[in-house]
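Look for chain A in each of the two complexes below; its partner is chain B in the first and chain C in the second.
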Partner chain A sequence: MPRVQKKRKFYKDVFVNTSKFIKILRETLGEQCSIKEDKDSYGNHSIWMKLKVKESINVVANSIKSFKGRCIVATAYKNRDGSHTIIYHFDINGTILNVEIKTNDNMFFSITPIIPSANWAEREIREMYGVEPIGHPNTDRLFLDYSIAKGVLNEFIPLSKLQRGVSKTDIMWKKVEEDINNG
Partner chain B sequence: MNKLKPKLFRINTGSCNGCDVEFLATALVDKFQFHKLEVEIAEEISQANLLVITGPLTARSEPFLKSYINKLSEPYVVVGIGTCSITSGIFRDSYAINGPTDKVIDVDINISGCPPRPQSIAEGIAKGVAILNQKVQNVNISKQMDTILQGFEAPKSFRGKINLHANLCTACRTCETVCPSGAINITKIGDKYEHKVWHNTCCFCGNCVFFCPTGAIYNTNDFDTAKHQDEKYSDTNISYIKTDNCSSCNKRYKKPTTGLLKKAYINDDINKLNNNLCPECRKKENFTRMYL
Partner chain C sequence: MGKTIKIGPFHPELEESVYFKLVADKNSIVQEVEIVNGFIHRGMESLVTNRNFMQNLILTERVCSLCSNNHPFTFVMAVEKIANIKVPSRAEALRVVADEIKRAASNLFNLAMLSHLTHSYELMKDTLETREYLQDLKETIWGNRMDMSVNLFTGVKYDLDAKKVVHILEKLNLAIPKIKELQKRFENDEIIKQRCVGVGILPTEKALEIGVTGPVARGSGINNDVRVKAPYSLYALRPELQPRTKPRNGCDVLSRAMARFDDIIEAVRIIKDLLSDLPRGKTYLEKRPHIPEGEAVVRTEAPRGELIYYLKTDGSQKPIRMRWKVPTYTNWEALKVMILGDKVENVTIILNSIDPCISCTER
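What follows is the complex of A and B.
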């Protein structure tokens, strides 16, 4: 059965690739990063990596490029102390690599010049959280209108307000009341 | 008689495409009688006289809509399809929404729904064409219009305009709380509660019907939502919920319904309960009955 053999070979390749990849990163970054390997319930392999210095993302990006990996998406969130955590999610031949960096000064180093697929994800983080990707080739907005301030997701919106809608505060309801009173 | 051929142009101002899909169905399927209106699709907005707008008008699309409106030539009619275009619907108060549409352009016909039924859309376009003809002939534009296209009905399961069984309602405000688009408002006026449902911002999701503990609020089969702009704020369903006098302290209170009492007193025979007491007096009476 040639098909099955081909599949096996593919998985073997992945295994060799990721272990090689982790070895290289450990050698170059040393104690600047912590690496944890994980498997989900389907047996899919994933790597979680935390970088202590945000500048080291360039080293990681370069080695991902040499292994022909791509950036799937990048996510961000605001911490209680005002700093931001950004997690890049990469794919190297079927293995997911998640790289976490932290920034205190509202900026991080863009990896788009090295891995072009991070382009939109980094622009989205800039718009939604107001964190600037330094060295990003495109300074234009991605989807938010220019009239809307950068970093709208940093604002605190109580869940109760989000769910209850606007029935009490809305000026439109006043017009409805007027129409009812006028008959 | 002077008659203008209606030429339709559609603009999407950030719609989810639900209304656009229904509009396409209206235009393509014969049973919706759209072909009777003899509407042509305009390739350029400068040729159009029947503008159809969908979407809540996002901040991003506002400058585009404004630049398009400048190219229109009189006379023209604007038809807004969907709750979003009328009141911005569930997206109202969002940071990215500059709508509703009538802030930017004078709308003639609103078709509420999320999305509206194709029959409503056909009816709305028909009313738009009628207004266009009135504008061409310089006649006074009618504000109240009769149904033009006949023979439409909805299946029994269809979630149409909301209505209320006032005798079953206990004014608990559950419907007001769960409504995602803020279409329900309950206020106390004197001795009564006023229950208002504003059809033009309702998204017909049926959340209120699902959560109502007494089954008072319900979806009717009515899909007559193509209305003139003048009816935008007056297209409401108003019910009054009566209150009663407490037989002990004479205070006004809202009597619980039999259904609600059955839920609260599972092991008791509710016929034995003194129904004409306000909650405070009932507590006292139950305490005396059970423990003294």
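What follows is the complex of A and C.
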């Protein structure tokens, strides 16, 4: 088959696969999820999905597994109201699927037992944000030493603030002041 | 009776700092493996949220040295996606030229390390000498041997005139026969074969399960090259530039090394094709972009595999969240599969076969 035709067939297959995938998820999750499709200037499709119930991530993970997809990575960040947003980035044959869940109770359900490629991403979220992936097979630290508290990214204090002495942990400055006052 | 062997975190045969705890049987076959990392974690993902986009362009180039072009390349693409910027095609072409030069040089470095670990010093010397053609090119065109500082929001910082194009082509024409000769030597060298064939096996199904990418995936029969699966930049605009590499099926250290050779040869071919028909026009847009509120996920193919950036912005000068995942992040877990059941003496050679970039992984 000529190269151009092969390429067209490949994109057709990918499109059919993703459309089928979205259809299945819409049928299974109904109103529990909202789906938005996106296309970049190079013609690559990506899907953005928001799950209203965080437990639904297991349904998505099982579907991704059946479509031979993989977890590329997961991103987490802390919201102003104290909750955490977690976005899983999956790949199904070249299409990126971003699935967003929200957690208010510092825990979410691990998908590593279903999709092993999510392993490190979930461990890192535990370590950096103190959000526990329930059911994750590995409880060891990934990058940070045990002497550093879990959720260190929640407590990050910029160096500039620290240098101005306006941080919450201004122990060092108090000691300096004490020394000055004591002569 | 099992014995415990500890390697690292600093060791003459380790490229970077990592700590292995191995339990081996009396025949020195690894029965248990534990890998401890985190020795060079720098909190960069936190740091970038405290810097503006321009500062982050400089910072991302310093995440790692070997794939130092891919980080800013992917980052600017994410920013451009949010800001809805269409980059001039000459700039896209120049980005690809820089990227492929880095890819070839990075892979040659890894192959030199492989010959170092097998104590084939003649081969190591020749591999590094061949790499010097590319290093010289980097120095001549971009003024630096590692950080090339190519990318800008909306384009690139450098341009190629006819004289420079001829210079690159001349250097590449000198390098090509040497690369091909090296490929044959690696494939047929008795010591390399002895140390690499059937060593560090990563079966295809395991590779799929773990989600490995790049030459590690291609060495296990999977081609998930981003340039082919989800083409970006000029690989999307001119599909004939996409790499035509075929995956290798050996699933061992040699297959991964050969997949790297395939990548190098294709990188040189892509640069030559591109330079013979370089698009004309501007190298960047003169209007300074406004970066609105938004989020984007962008990925590229780094020398070691898939590099992905997630960027979330709120319309201010700093990102709310920036997250990146480098190929080693997933390839690392595959090490446990590769090392288990293999000999202790092969551990460092297996580690080298994933071309670990710990500086990138730990950020």
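By definition in this document, the second predicted complex is superposed on the first by the 155 of 183 C-alpha atoms of A that agree within 3 Å, B and C clash if a C-alpha of one lies under 4 Å from a C-alpha of the other, contacts with A are read in each partner's own complex, and residues count from 1 in each chain.
Simple rule for what comes next: a residue touches a chain if its C-beta (ideal position, glycine included) is under 8 Å from a C-beta of that chain, and two chains touch if they have at least 3 such contacts.
Model, not experiment: these values are computed from the prediction.
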Contacts of A:175 with chain B and chain C, given as first, second, both or neither: first
Which of chain B and chain C A:75 touches, first, second, both or neither: second
First, second, both or neither for A:89, with chain B first and chain C second: second
Partner chain in contact with A:110 - chain B first, chain C second, else both or neither: neither
Which of chain B and chain C A:145 touches, first, second, both or neither: both
Which of chain B and chain C A:56 touches, first, second, both or neither: neither
Of chain B and chain C, the chain that contacts the larger number of chain A residues: C
Common ground on chain A, meaning residues reached by chain C in one complex and by chain B in the other: 143-145
Chain B-facing residues of chain A, complex: 143-145, 147-148, 152, 163-167, 170, 172-173, 175-176, 178-180
Touching residues (chain side chain A, partner chain C) in the complex: 3-4, 7, 40-44, 46, 68, 70-73, 75, 77, 87, 89, 91, 93-96, 98, 116-117, 119-121, 141-145, 153, 156, 158-160
Of chain C, residues touching chain A in the complex: 37-38, 41, 43, 45-46, 50, 81, 86, 208-211, 224, 229-233, 236-237, 239-240, 297-299, 306, 308, 310, 312, 320-321, 323, 325, 329-330, 332-333, 362
Contacting residues of chain B [partner chain A, same complex]: 58-60, 62, 87, 90, 92-93, 95-96, 98, 176-177, 179-185, 196, 198, 201, 233-234, 236, 238
